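Please find the structures below.
In the two complexes below, chain A is the common chain; its partner is chain B in one and chain C in the other.
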Partner chain A sequence: MDLTDLLDADNGVISREIFVSEAVYQAELEHLFPRAWLLVGHESQIPEPGDFFSSRMGTESVLLTRDSDGAVHVLLNSCRHRGMKVCRYDEGNTLNFLCPYHGWTYSTDGTLVSVAGELFGVPHFRAGYGGKLDRSAWGLVPCPRVCNYHGLIFASWDPDAPPFEEYLGDFHWWLDNLCSNASGEIGQVRVARGVQKWRIRANWKFVSENFLGDNYHGPPSHESVDAVGIGPGGTSAATRHGAAPGRPRSIASTSFTRLGHGATGSVRYFLGYPAFEEPELTAYFERCEAARATRFEAEGRPIGAMGPATLFPSMSFHAGPFPRALMVAHPVSPWETEVWRWYLVDADAPPEVADWLRRYYLRYSGPGGLVEQDDMENWDYATEASRGPIARRYPYNYQLGLGMTQPSSLRGAVESDYFMTEENARNFYRRWGEFVRGDSWSALMAGA
Partner chain B sequence: MTGRLKLVVDRPACKGYANCLDAAPGLIDLDEHDVAVTLAETYPETDRAALERAVDRCPAHALRLDQIDDA
Partner chain C sequence: MSTGHDRDERLERLLLTQELTDVLYDEAELLDEGRWEEWLDLLADDLSYVMPLRLNVAVGEHGAREQTRGGEEVCWFDEGKHTLTQRVGQLRTGVHWAEEPLSRVSHLVTNVRLRRIELPEVELSCRFVVHRNRVADETDFFVGRRHDTWRQTDGTGGTDGAGGWKLARRELLLDQNVLLAKNLTLLF
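Showing the complex of A and B:
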């Protein structure tokens, strides 16, 4: 798709059409979501053979499964016969998926099939098909590229996609923190039970952009939640994030100019763990903070990279150590998005800590979370107020911090001079444009 | 164990997948309604492995294997 007249990332002028046009949306579905690496779930959601989690990649329904041998697969949740969703449960345990429409049955049981998701049986195989249907050719479609990144499962439908680690680049420091417990041990996190799913009347890119490093919206949008003391320190603390009084929330934003990922903050800045209203929580996190500092120094890991952050295109997260949560913005239409939120806790967190975090996440984020409600109001009304033929004539302004960057120590990244910037968004949309207009992988990865 | 084995077919459940025919060759067939039928009233212990395989491979869970005591 030709985006020349719609996208001028270099000068920070972007047409509203990319948020409301059905043609642009269809181009996203064709060229972006089937090629990008997307988050599918976390392995702690499927610990046992036969466990499955129904997920999404773009608009498509997929099954994250663990087969009888313990291997993890991502399968298209659509029967090869007439397309019915073979599994309509959110999660569960089974090695066989029997389509409720005509009964085609697929298996991930290694004693029954040679390939996970293979078609294992069809009704009236002898009488109806004369025993001649080639069941080996009609299995559930497997996603060709799956990567287990310290427990986070990512997948891409494009066999030619670069390895996930190349797609990620030096942005991995943020993802490493997301995958680490409060003591900094990588891979030692689990999903707090339950994934929140809800729909908003907004374009999916508003969600990505919000967490990509948009510090600009914080004070106007979230002043009320700070005032009521939603943070861990209650009304006595400075902010909803629990920053110590006088400590800046952030000193810069980091943008990966080619890869499109971005984050509030930098690898150099560590906000510190908050003081809680509950002394036992403060004690737990103080212990963890000391352990993290020792570990990171020994391992040569940078102290910062906390986020919020967005992995291009649609996974956003707070990298932690506090808070630690992630979300995926699934497109539904140009004007509607299904948001899924996972909350992470230390794998070995004491029950009272895990329970406190669960309650905190629910009051902070998700459909009932006060901070997320602030954001959703903005995204919903922005989408609605941009749809009309008059509104669509006038582009959005992304000129905050234009030309105000400095090199980062990270490969392919810059840091903003001032902590409020739209550099991250400009680079995100430039990357978005490269995908949507159909650039090849060699072009997409050149200079990245 | 010296008893005999009885294969019980849940006829309404059977959907004619025919997986049992491959799992237990010569022990099971399909009738004119495409529903599984046993080819013997009871089976010897030597057929146990094949019959258990047929039970396991029925997507419709239409088969059950019972032990029949000699007495």
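Showing the complex of A and C:
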């Protein structure tokens, strides 16, 4: 799709059409979501053989499964015979998926099939198909690229996609923190059971843009929550995220100019762990912070990279622990999005710490969260008010911080001079345009 | 033919049902009229207020897995009076954009049944239909069940009409898997 007249990321001028046009949306479904690496779930959601979690990639329903040998797979949740969803449960444990329509049965049991998701049971196989149906050719469609990144499961439908680590680049420092407990041990987090899912009447890109470094929206959007405070530590924007008192706040945002990922803050700033009203929590996080500092120095990991952040195109997260949560914005239409939120807790946290964190996440994020409620109001009515033919004539302005960047120590990244910037959004939309207009992977990864 | 004693017991139960139904109606009116501080007065200090997620699970797994558990799993709400007080404070700021301008809200409460009477506490269940109309054409229906525990107190600090009843526990089973509303700015 030709986006020349719609997207001028270099000058910070972007047409509203990319948020409301059906043609642009169709191009996203064709060229972006089937190629990008997307988050599917976390391995702690499927710890045992036979465990499955129903997930979603773009508009497609997929099953995240663990087979009888313990291997993880991502399968398209659609019967090869007439397309019926073979599973309409959110989670469970089974090695066999029976299609309720005509009874085709697929298996992830290695004693029955050679490939996970292979067609195993076909009613009237002898009498009706003469025993000739090639069951090996009609299994559930497997997602060809699956990557377990310290427990987070990512997948891409494009066999030619670069390895996830290349797609991620040096942005991995943010993801590494998301996957680490408060002591900085990588892989030591688990998902609290239950994924919040809700519909918003907004274009999905509002979600990504909000988290990839939009500090500008904070004071006006979230004034009400800062007035009441949700802790830890009182009533200010700083303590909303649990900053330690007196710790310098981030003065930069970080943007990966080619890869499109972006984050508030940089690898150089760490807010620290705050003082709680509960002394046992303060003691726990003091111990964790000390352990983290020692570990990071020994491992050569930078102290910062906490976010909020967005992995291109549609996974956003706070690397934690205040909060430690991720969300995926699934497109439903140009004007509707289904948001899924997972909450991560330290795998080894004492019960009272895990409970405190979970309660904090719930009052912070999601549709019931005191912070996030106001975001959704803005995204929804911005989408609605951009749909009219008159409104569409007037592009959005993305000129905040234009030309006000400096090199980062990270490959392919820049840092903004000022903590409020739209540099991250400009680079995100430039990347988005490259995908949507159908650039090849060699072009997409050149200079990245 | 019931004995006089049975009849007295049934009358007692009827009166208690009506008394608590009136409390629920009074509560609904406080919520719908935006008298949230008076609503907060109805809440016990140790209130547990939980709205679990509802999952699609296989038959036979409903008891164990169909709803997430307050206290350990992800819910829509799992909080107490302190956080609810913060929600009311946020609604009063005038800059809580998700409720500025305020939505129009109606709580309909029905199917009230007493489940356990162990005074001073009474457990009851009821159904709710909460209708929200917002700005111009934004409309949401929230339908489900409440499981409440109400506690009779001496009435100090209470609201006129509540007769000293305080809400000690509320579980809200919303009949939705994917939440079809963009947010939960309401008090249920």
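Here is the rule we go by: the second predicted complex is superposed on the first by the 435 of 448 C-alpha atoms of A that agree within 3 Å, B and C clash if a C-alpha of one lies under 4 Å from a C-alpha of the other, contacts with A are read in each partner's own complex, and residues count from 1 in each chain.
In the analysis below, contacts are C-beta pairs under 8 Å (C-beta built on N, C-alpha and C of every residue); 3 or more make two chains touch, one makes a residue touch a chain.
Since we're looking at a predicted model, the values are computed, not measured.
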item	value
Touching partner for A:R358 - first (chain B), second (chain C), both, neither	second
Chain B versus chain C as contact partner of A:P123, first or second or both or neither	first
First, second, both or neither for A:Y396, with chain B first and chain C second	neither
Broader residue contact with chain A after superposition on the shared chain, chain B or chain C	C
Chain B versus chain C as contact partner of A:G92, first or second or both or neither	second
Touched partner set for A:G131, first chain B, second chain C, both or neither	first
Partner chain in contact with A:Q196 - chain B first, chain C second, else both or neither	second
Common interface positions of chain A, toward chain B and toward chain C	none
Complex contact set, residues of chain A against chain B	96, 98, 103, 105, 111-112, 120-128, 131
Residues on chain A engaged by chain C in the complex (per definition of touch)	88-92, 192-201, 220-221, 223-225, 227-230, 338, 343, 355, 358-359, 361-363, 366-368, 370, 372-374, 376-378, 380-381
Complex interface listing, chain C residues touching chain A	51-53, 55-58, 61, 65, 68, 71-79, 83, 86-87, 89-90, 93, 95-98, 135, 177-185
Touching residues on chain B, where the partner in the complex is chain A	15-19, 21, 30, 34, 56-57, 59-60
